[in-house]
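So that you can tell them apart, the chains are marked A, B, C, D and E in the order they are listed, and the count of residues begins at 1 in each.
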């Protein structure tokens, strides 16, 4: 039978490669497994995967190619918000469902008919962090954020919601995505009187360097990182300096530490086992976004009993309580993300590993 | 005999590149009508237009710019910001963007064009980096790293949309750009630019105002870049600071060199090389980058003057 | 009022007074030669007069107007053209294009017209090319018009530079060793060429080590040594100056010089 | 005061890394007038190869040594199969070849290694050394020491050995170099080999601070190039001064002006310097003769 | 010492030398004259190896060297002072000279350096200065001096008198004679044909890439054709 074609454009190379690479690997792995199990609707599934190298313009071209040339019925991809935004018009116009793997809230706000996304928005992450700070009695913080899309967008979201938690931002520093030394910025925060904790929205190697410089400067205040560092390599890169860092992250990082009755425990364990076996690398939340994306799409196809884009979309939107590795999703016509703060867990790095904070367990 | 003499004349004729280009432009929609192919072709035309500016600046006048994408960015964001933040007409903004880029080039060029060779390269690079940084950082205006949406372009009441329409608009723009570049090449100005490329002292000794001519080339190059940027933004409906990035500047320079420094048609070929090739190499998956790098090396080793001039010289040499 | 007046020119390079208080005047139609040992400062003097170096002292006037410190391209506009001792040829252009560049000032097009490729540009190109071809003919390079300058032999390049300088229709033409690399017969052709140019009313300033040439066609000769004038006067007088013979001419040069007047 | 000192330390460390990369540019430029855009990739090879060899169980010095040798191998291969066949091509063409090489090396590295960031343990531990209220990392001393050692070695090589002079002569006038009996091919191969070694060494000592990844070379090349130009292309002392200056400008820019625009601060300073010294700080001021 | 057999050389597809035959015996001074573009420079470039020979043989001291790289020919004792001076501009005068001895780092180098400085005192005066700031004639001296530093067996001089003051032309020619006395063989290309032929043992006349005449220096000097075509007499 004709294969069902699912398209994907991710940033498997370029500055966001450490996001795009696990995404690509996960998608390939999952489609392979699916085909071993007989595919979908009795048809094999074909993944058409392109690498945009982190360039929104290229992403747009590949999106057109997926629609025009490859005639895919659904799309899972878009590593960065920029790339996603560049591709949205193509899929909207063609009427093909598009599950994005990027964080920006503007992807799903306002809601677009054919666009969904799996990662938490940065706003949720901010809220989770501020809840935690509030619980610990922290009211004055310093912020240092990356100037990449992720860091910048999260910084803005955090500044927007911070007021609601009675927390004031006393210092607001930034660093370039490729900087190798953040001492000057941290030094400024260090010298700002009254700061009780520091928050670092950012992804990539930046937060690891921030964490190291933080320790080097002898800063002892609590350091909060974002879900953008939620992969084992952060701990490796930051080394001993990572001790005590807190961050919001999905269950996937702490699969083995989840309570036995946790609904996500089985899914997470399954994904982790197969990913780590296939790639030899440890799982990250980013691959998890890809996993949930492709799962959502294939389940929707299954449920719709059709590989027709419109029907897939409808089935997607009707998804209720899908248990993924990132969280439990329930879409609705007004919500194409379907996750709340509860899907985040507050983690703390202790002994070189993630530990679940008791309060959010 | 007569045939080869004709071929030789054709290869030397000034407008040959233009005619070949026009023929290609008509052929593409016939041979590859999918909107994906049209989009790729339109991108080739847009990048070729931006690179043509460099052909004039680097190819004719020999002045290296590693910040050309900065002007592409200025043009692109003019078309993005004008309508969105100031409520201006997109087409007007395309023109304003070009004017703005030209003015900025004039202001920046005056001091830095005194520099030579790699020193000019680093100065232009710095300019490009600063533009990209501003586009990146001033999120309230530019939308920051994730970019901003661009409203539709309308040409005298006709709203441009759809791949084919964009294909024709970009084709027209490139054709005009190529014609102007060819005009300059064959004119006293072009001679002056090529002369100062070889010896600034002698050019000045012939009465050429070297500084003014370099500046003119720099401004014209900036305008080419800005128009191309504006078209790119309007066609995509979204623009990110990537358009102004250092790597994009390098890509534009690479187009000019791979196609053939100073050759108008070569520039189009160079743009096609770097836009189409990655599309063709996607099947190689993770080997794509390695193969692309390898191909660039192989082409430069075997066609050291660039694709078009090398092939042209090869043919001309073999004609009687 | 003389055509070209140079007063008390001077420049130093890190302590070395390369040109130190040199004055001379050149009249229209005259051939004025500057000779002197290697490193005497002749080329440097040219560079000062033609605006490539900024003099630390002194003054240049052309037809009465002060030209001191003017940029080279402006000096050309006022009627001063030159050739270079170290060849400054546009090597990637053909011979005729090299000369066409020299016609730049006479070309009546604008940047905009060039950009738009107006018919006037094509007409101008045609005129320029014809003029350039005529000049190439004058220096004996007509047959090499379309050859790439990079492929020309040394002697031809020297003449190409003369043609290019002539293209600017100068009032004063400064030639830095035009006969270098030419044999006796070729030098003679250059000799006629220079005489012709002067006859047409151009003031020619000539640097040359070929004494036969210098003594034959010069109206006046200035001898420089270590940046300073050593002697000045008509060729006959200069070549008999014992100081000049000792510092510059030597036996051979004196012989050559004599032969010129035979 | 302690803040100022902290910025100085941090600026010098970053600057020394830039300086090391700039030094790598110097050799190839001196031999051929070419800017080697793959220079940053030698740095990457040094760091990444050491990381992977260490994770295969080798001790740091052994791993670093092999990594440097490997990088030299890549440099020599680059010369033999890409630069040498294009002998006689213009610098522009050669630069384009190095750009191609840079893309190629990154492409291969992402397959041979991976796409993740990696780090190396600091050579002498992570315990910061307190100095006058500020702290200095031992690794910074390693970087500064390596820079100092290499610049002295390079300076002595170029100024006081015949091979060094032959290298300079090759770029100054290729034809004349061949006429006096210089084996130009060999000189170029040597330049590529040594540059690769310097690059790799830079990668080894810098990785504990900067971290590394298959594509980090682009950024390094950009900063190293800027440093080399600020100092005056081709002059090793200039490369080091240029590198340190850019490092300091960036950190002071971030510390006292704006962390967002610190790169702009650095580049504006470069433009400012070039305005007065159009050939960089140590590029010489002599008037070109005509 | 040197025999050139049917050497052909070309730029691109255009032949510039057409089967040139020529011989230089050990200890001779041989002059090569010809008008602009005759191919004199090309011939010397072919001998020193910077210009490939398309066909033909070059035999130096019994060994065929036409396939050798330039540096290998320098090692065998061929050294050239090129047309257009070609000094190492940014390097100091002294470094230029030392590089002349690149393949001859022997005990005699110091003496040769002194010899060159004695021949051209101005070079000694400017030994620390960058070669590009020398005057044209000074650079010419440097180029000749650099060629001498290689202690060649066969010295190829391409228009050594170009740009030199008359006094120095005398000196150069005298120096060439002195070299001959030291046992160095010289192949001399000169536009100043009368002077060159006067000191040459033998001479060749090159016309559009072909040897059209040869003979002793004196014979050529007195040849009526040579006198009208090259000496302007």
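The working rule: a residue touches a chain if its C-beta (ideal position, glycine included) is under 8 Å from a C-beta of that chain, and two chains touch if they have at least 3 such contacts.
Owing to the predicted nature of the structure, the values given are computational and were not obtained by experimental measurement.
K.L.:
Taking contact as defined at the start, I'd like the list of chains shared as neighbours by chain A and chain B.
P.N.:
Looking at chain B and chain A together, the chains touching each of them are D.
K.L.:
Any chance you could name the chains that touch chain B and chain E both?
P.N.:
Shared contacts of chain B and chain E: C, D.
K.L.:
Could you tell me the distance, in whole angstrom, between the mean C-alpha positions of chain B and chain D?
P.N.:
31
K.L.:
Round to the nearest whole Å and give the separation of the Cα centres of chain A and chain E.
P.N.:
So the centroids are 74 Å from each other.
K.L.:
As a quick test, compute the distance in whole Å between the mean CA positions of chain A and chain D.
P.N.:
About 35 Å, centre to centre.
K.L.:
So, what's the distance in Å between the C-alpha centres of chain E and chain D?
P.N.:
Going by mean C-alpha positions, chain D sits 42 Å from chain E.
K.L.:
Which parts of chain C, given as residue numbers and ranges, touch two or more other chains?
P.N.:
13, 52, 84-86, 88
K.L.:
Which positions in chain D touch two or more other chains at once?
P.N.:
110, 260, 263, 287, 289-290
K.L.:
Of all residues in chain B, which are in touch with two or more distinct other chains?
P.N.:
Residue numbers touching two or more other chains: 137, 201, 286, 288-289.
K.L.:
Under the stated contact criterion, what part of chain B meets chain D in this complex?
P.N.:
111-112, 114-116, 118-119, 121-123, 125-127, 129-130, 133-134, 137, 201, 246-247, 250, 254, 257-258, 261, 286-297, 300-301, 304-305
K.L.:
Touching chain E in the complex: which residues of chain C?
P.N.:
Residues of chain C touching chain E: 13, 35-40, 42-44, 85-87, 151-156, 177, 180-188, 209, 211, 247-254, 256.
K.L.:
Going by the contact rule at the top, pick out the chain C residues touching chain B in the complex.
P.N.:
Per the touch definition, chain C meets chain B at residues 50, 52, 71-73, 76-77, 81-82, 84, 88-93, 97, 100-102, 104-105, 107, 109, 111, 113-117, 121, 124-125, 128, 164-165, 167-168.
K.L.:
Across the complex, what residues on chain A touch chain D?
P.N.:
12-15, 17-18, 21, 147, 173-176, 178, 180-181, 183-185, 187-188, 191, 204-205, 208-209, 212, 215-218, 233, 236-237, 239-241, 281
K.L.:
So in the complex, the part of chain E that touches chain C is made up of which residues?
P.N.:
11, 33, 35-37, 41, 83-84, 122, 133-138, 140-141, 159, 162-171, 191-195, 228-233
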